[in-house]
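The following pair of complexes shares a single chain, chain A, combined with chain B in the former and chain C in the latter.
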Partner chain A sequence: MSEWSEAVQERARAIVAQYPQRRSAVMPLLFLAMAQDGYLTEAGMIEVAEWTGITPAQVAAVATFYTMYKREPVGKYLVSCCTSISCMLLGSDQVMHALEEEAGALHGQVDAEGLIGVEHAECLGACGGAPAVQVNYELIEGVTPDKARQLVQWLRKARPETVNTDELQQLFGGTTSFEWAIKEEVGAVGPYPAFESFGSTAPVSADGTES
Partner chain B sequence: MTYPLLVTKRMTDFPSDSHTLERYEATGGYKAARASVGMTRDQLVEAIKNSGLLGRGGAAFSAGLKWSFLAPARPAYLVVNADESEPGTFKDRQLLERDPHQLVEGIIITAIANEVHRAFVYVRGEYPKPARRVQKAIDEAYAEGYLGKGIFGSSYDLDVVVHLGAGAYICGEETALINSLEGLRGEPRLKPPYFPAAVGLYNKPTIVNNVETLSNLPHILNQGIDSYKGLGHEADTGTFLFSISGHVKKPGNYELPHGITWNELIFDIAGGMRRERRLKTWIPGGASAPWFVPSDHLELPITKDDTAKAGSMLGSGAVVVMDEATCVVRAAERIVRFFAHESCGQCTPCREGTSWLEMILRRIEAGQGREVDFDLLLDVSDNISIGLAWPPRMTTICPLGPSAVSPIISITKYFKGEIMTHIHDGGCPLPA
Partner chain C sequence: MTDLTREGIKATVGEEMVKVTVDGQEFEAPKGQMLIQAAQNHGTYIPRFCWHPRMRPVGMCRMCLVEMETPKGRVLITACTNPVADGMVIDTKSEVAKKAQEGVLEFLLINHPLDCPVCDRGGECPLQDHTIAYGPGESRFVEEKRHFEKPIKISDLVYLDRERCILCARCTRFSDEVSGDPLIEFLDRGNFTQINTFPDQPFASYFSGNTVQICPVGALTSKAYRFRARPWDLVSIESTCPHCTTGDRITVQASQNEVLRFLGVDAEATNWSWLSDKCRFGFEFIESPDRLTSPMIRQEDGSFTEATWTEALELVASRFTEIRDAGKGLAVLGGARGTNEDAYALAKFAREVLSTNNIDCQLDDGLDPQFLAATADRARISDLDSARTILVWGPDLKEEHPTLYLRVRHAVQEKGARLVLIHPWRNGLDDRATHKLTYRPGSGAALLTRLQSEEGEVATALAEGPLVALLGRTGYGEDGRLAEAVAAHVRSLGGKLLPLARRSNVYGALDMGLAPSLAPGRATTDNPGKNAAQILEGLAEGSILGLLMVGSDPVRDVPNGELARQALEQARFVVALDQFLTDSSRLADVVLPVEGFAEKEGSVTNVEGRVQKVNRVVPGPGQSRPDWSILDDLSDRMGRSINLVSAEAIAKEIATEVPAYVGVTWDMLDAEKDGVVVPLPEATQPLVYLPADTPGKSFSGELVLHYARTMFDDGVLMRHGPSLEHLAPGAVAILNFDDARRLGLSDGDQADIKTSQGSARLTVRIDPSMNHGLVYVPFNQPGIPSLGSDPVVTVTKA
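This part shows the complex of A and B:
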């Protein structure tokens, strides 16, 4: 019997129906599970196993392969700092250091309050706007160490329900890889990608604040 | 000097709404897809083969030829590789965000050419915004009857699903991507037997194409093969998207023809070096590519063949530029660390070798290098890719392991003095 609410089960059914074989739904369902509990719990993995007809061990084998399935709490806001080659050349190590110091958490850790997780990430595909940082996978380009500190302070103070890439870029970003030009209508509500079928998006109003 | 644009033209002309269906259709969108509904597989495959279009994901293999290899069994599947993760590469992100309908149209054309009724777009998990844009474009195409049952009023059905990755570079390798899509760990499969065109997704014939490759298709059909070829340079037809990053004044994505020189690309198009520092070295085609240096390569024309002859590749088009103040040990360590982190762990030479290379580079950078470390770097590399040849010889299922050898070959060849200074002086002469 599923522990998920009827609404979440509805989402799970829709996800499974997208594939010719239900095992293919493992990855999206793991994100759906994260969206229920804030991170990937053992109960979540067992649930995914039931939906996909494989064993919990097989689900765990998949979950442990990919970096974005967090099997420990990573806070409400997961701050990922790219430290790959292009970002490194433009000072990402200093940005990472500033994030760690301001949050009081080193790579892979969460701050004392359990609010902000910090990690370094491999290339985020924002090399033309290096250094890049993501909050719950919402991108900010052209981040300086000072702006990185301000970002952590802001998350602590404002505690936004939704983080949105345009708002973050405006507050803490600089040069971008290319002209963004188009405003996003939604943002992320937790440390997993904001995508409609996972139910992990929330609308953002026109002025950039969450509605 | 300006060059004609194809895949970035709409977003350049209409920056505020290039992603919308209205703008897409007002600028000739879906014309090619509509026309291809009435075309046969042979006609479409021949057209793309004759256009000379090479895959833009890194391997630069003929897209039409790849299609022609599709085995006759059905169903067949199309998988769009939008798992862009090669360090230095950010071109597909721009195409996904700024012109998603162009990709959807490319998907429709490819599906018809390969008798595919089910396509999957595998977008890397760290690209939620591009994934949302593509999903929106797909939803709009369904609403218009361009996707779903009986597309464009024909009897042809086509469904497209966006599938998010979850942070594994290796899933950009096509057989790993297929495993990932099947709900398995993203580990590359052995070829043979697992050539996707014969034994791909769910062991069915499968086409795997990159975002930029598919984005070119509407233009090829709309403007005709001769006109498309005319934009390029000899064997390298059409345009090519370069992602330029690092110590240049104007980093970004640039759509260019092949055949210009590295000098023109770095100093004219990308604005030259920041802080007027001198150019030390650059990576011509993504983190997997051996590096170039000004003394040998600056006047070389940028073509697939010239780059291969000089011992490197254009790969995914990612050019990473480093100035004279860059420590090459640190730069190499960062690239090797990437491959060590992203190694799937199946093959011992890669799993163990990349980690050892990372550790050796780290201790050299930290001033704890030993005299033998220079040879040790080469020895470990030789165990991953025997003979340190280009193109690399393989001891592994996929090219990830040998990719980690590229920076080692580069720094030991061009910057031996700098490595030995680290070792002899007990530290980095160029601290960050």
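This part shows the complex of A and C:
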């Protein structure tokens, strides 16, 4: 018997229906579970096990393998700083350090208020725009330590409901990989990740504008 | 219908042969066979950890790296994931192969602790052995090894030491692929990867002990064997499991005359090395301090005093003679847990010395003995592997016939057989069933008629052979004749069948004539005696005066336990041959201690009629004696000697006198790896039983009882094993939501469950999967009186 609200169950049903076998829905359902509590709880994993017809142990095997399934609270804004090679060569260590200092939280921790979580991440696929940072998986490229501090200050002050890559890039970014990107209409409302079907993106009206 | 066969790296081994060269030796192997297996069959052992011949390959450990020649030069491949191909040239001992193997071992030992001296596996550890045979000799690793809490208890029976684990995935694959209860998994990633359960959800699998046996290191250990012995101190003797009717092959291991462990043996015909936990850990009773060690005679006040064999046997002989000569009834209950030799002695004793045909080795919970012993078109267990359709209409195999359950799972999952599953309720095989039908006990005959007449999916599936049917009583409310009616239908479809009964050697006992209607060798008797239920009634009402119980505990084991108690209380004279004081033998006048499993040699017969040896490993306790010698002694004292001198001599007598067993000698059984199936070609089987379509009695009521066994219960062998005694699930009454509401019951309430034969106050559980009008109560749970075999039940709130 599900603990989820009718609306969430509706979404879960739709997700399960996309696959020939129920068990294949385990990963999207884990995101859905995560969106309920802000992180993945044991109850959430048991719920997913029930939806997929596999055992909680099997669900946990998947959930603990991937770093994007958070099993501890990570705050309203999760700030991930790439520390892989390209970013590291262009100073991501200082960016990471600035983020940690400004947020008052080390890698894997959340600030005292429970608002901002900080982590270092493996390559974010934005090496051309290194160093790269994400907020709730919305990307910012060419981030400097100063901009990183400003980012944290801004999140704390503005507390946006939605973060959006274009806006973040404009406020805190620098050099980008490419200039071809289509303007993104939706942003992440967190918690993670920002995929529409999991309910962690801002709702979009039919004509593509935010409602 | 969804195809439930799961695809993995699975090569189909066909008929076609290919030529392979391994280490310069050329041989032929069936195309598709994995190189590691083909090489082994031709004498080249390739080291391995993750590969297991009864599971799918995963290529996880890389220990099996060997060099293969290719047009582009020599490459390293894993022998466990590469099927042989024509012209394949392999070098398993080249410099490069050796270096690879050394490298793998050096890596595996990076995190493996060096606690071999205190590890249960030490001395029989594949990692230890491989390190010596294939390892580099020393390690370059000087850093800190990873640490985990050691060991953690992942179930009541199994402990896990994650530091020792080499992440081979044997245990996880076993629980996923073989037993179908994946409760342990790899958690986390990279250097932090560990085997574990979900928090607060133990590894409560009926088959968990198998992972201990196949773990290539000491990461998984069993509570029952931890720190008990070193492998080099163990005496190992092959035998046949004393618990189920599958005749699973085991190795009995003992040290200093104490049995310490059972291991599964990979017998192709039966268990493929697997054992249920009940079987694997069901050895502890042998060494129980409660074993009877001397004859005992009950006093006026109900207490027992020890007696000499002479005193006890004189008393038994005189009282039995008195009853017999007065023409009053005598009866025999039991004998299904011993050897064929003991069963033969008992049948002979009953007929020739006690002059009675009131003999039953089944305890009112089985099927017609003629059907069980002599059914035509009996299947072999291995027929399941090639079946197109499997019908299971009988007990929940997972609970009562665990290795058959594994074999059926395998046939469906790996061989693509279709499974038609008919059961009153949830069943261990549900997740593999292609067609599942549920029904209320009492309406089985109607369901069968529908299957016989209707077109429909299920009827179509059954019509498509080869069909193998496993048939028995789904619960004690069910009429045994239903299974026979189903058998008749299966025969009409050209299918083969295995009629299912419980108690390890019940088929052997029936073959030796321990049934009111059977003479030894699958023949009929002229004037059949009374069966177990009739015997108990006879004792209760005084038409039978004397009873001999042999390894049977009717009070706990007969569905109508209350009747059994009355019978024993009313009986004029009761003798028990037993290993323990049970609820039944406690009511006997004389109790005689017997040697049990692992203490005597003999043969046993399994569900398919396969005869195999059981062997003596340790001496019996105290003054215990084998059944046959007690019976022989009694026969002398009763003036009608049956002239038995040894179990082996009885075996010879069986091999000449018992029609279906003609030619079956111990030498033959010792020589044949998997025993022999009787009758041998040169023997005859006087009775060939053709099941008739006589539908069992139908009944209905507002509520019907589904009263069936669970793997763990309050049976005497379990009660005397410290590992198993706490595992019985306990008694509950499971109801559907609507029925519960109608009765004003909610989950957790106490209710009185009443049939015409018994009543019990039980906790109510509501389960939405329960059929309407059905109440499920597990049989023989600790402290709960039995409800009998009358399926019409009333439930009232307490």
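The rule is short, and it goes like this: the second predicted complex is superposed on the first by the 199 of 211 C-alpha atoms of A that agree within 3 Å, B and C clash if a C-alpha of one lies under 4 Å from a C-alpha of the other, contacts with A are read in each partner's own complex, and residues count from 1 in each chain.
Just so we're on the same page, a contact is a pair of C-beta atoms (placed from the backbone, for glycine too) under 8 Å apart; a residue touches a chain by one contact, two chains touch by 3 or more.
Bear in mind the structure is a predicted one, so any value in this text is a computation, not a measurement.
Chemist: Considering only the touch criterion stated at the top, classify A:Ala188 as touching first (chain B), second (chain C), both, or neither.
Modeler: First partner only, chain B.
Chemist: Considering only the touch criterion stated at the top, classify A:Phe65 as touching first (chain B), second (chain C), both, or neither.
Modeler: both
Chemist: Determine, under the contact definition given at the top, whether A:Ser177 touches first (chain B), second (chain C), both, or neither.
Modeler: first
Chemist: Considering only touches as defined above, state whether A:Glu122 meets chain B (first), chain C (second), both or neither.
Modeler: The first partner, chain B, only.
Chemist: For A:Leu89, using the defined touch cut-off, is the partner it touches chain B, chain C, both, or neither? Pick first, second, both or neither.
Modeler: In the superposition, A:Leu89 touches chain B alone.
Chemist: Among the partners chain B and chain C, which is in contact with a greater number of residues of chain A?
Modeler: For chain A, the partner with the higher number of touched residues is B.
Chemist: Looking at A:Pro56, would you say it contacts chain B, chain C, both, or neither? Reply first, second, both or neither.
Modeler: In the superposition, A:Pro56 touches chain C alone.
Chemist: Across the two complexes, what residues of chain A are contacted by chain B and by chain C?
Modeler: 54, 61, 65-67
Chemist: Considering the complex alone, what residue numbers of chain B touch chain A?
Modeler: 11, 15-19, 84-90, 92-94, 97-98, 118, 124-129, 131-132, 135, 161, 163-169, 180-186, 202, 243-247, 251-253, 283, 287, 318, 320, 322, 326, 330-331, 334-335, 338, 341-342, 344, 432
Chemist: State the interface residues of chain A toward chain B in the complex, per the touch definition above.
Modeler: Per the touch definition, chain A meets chain B at residues 18-21, 23-28, 30-31, 52, 54, 61-62, 65-69, 80, 83-86, 88-91, 93-94, 121-130, 134, 137-139, 165, 175, 177-182, 184, 186, 188, 193-196, 201.
Chemist: In the complex, go through chain C and note every residue touching chain A.
Modeler: So the residues of chain C in touch with chain A come to 176, 181-189, 196-201.
Chemist: Help me check something: in the complex, which residues belonging to chain A touch chain C?
Modeler: 42, 45-46, 54-61, 64-67
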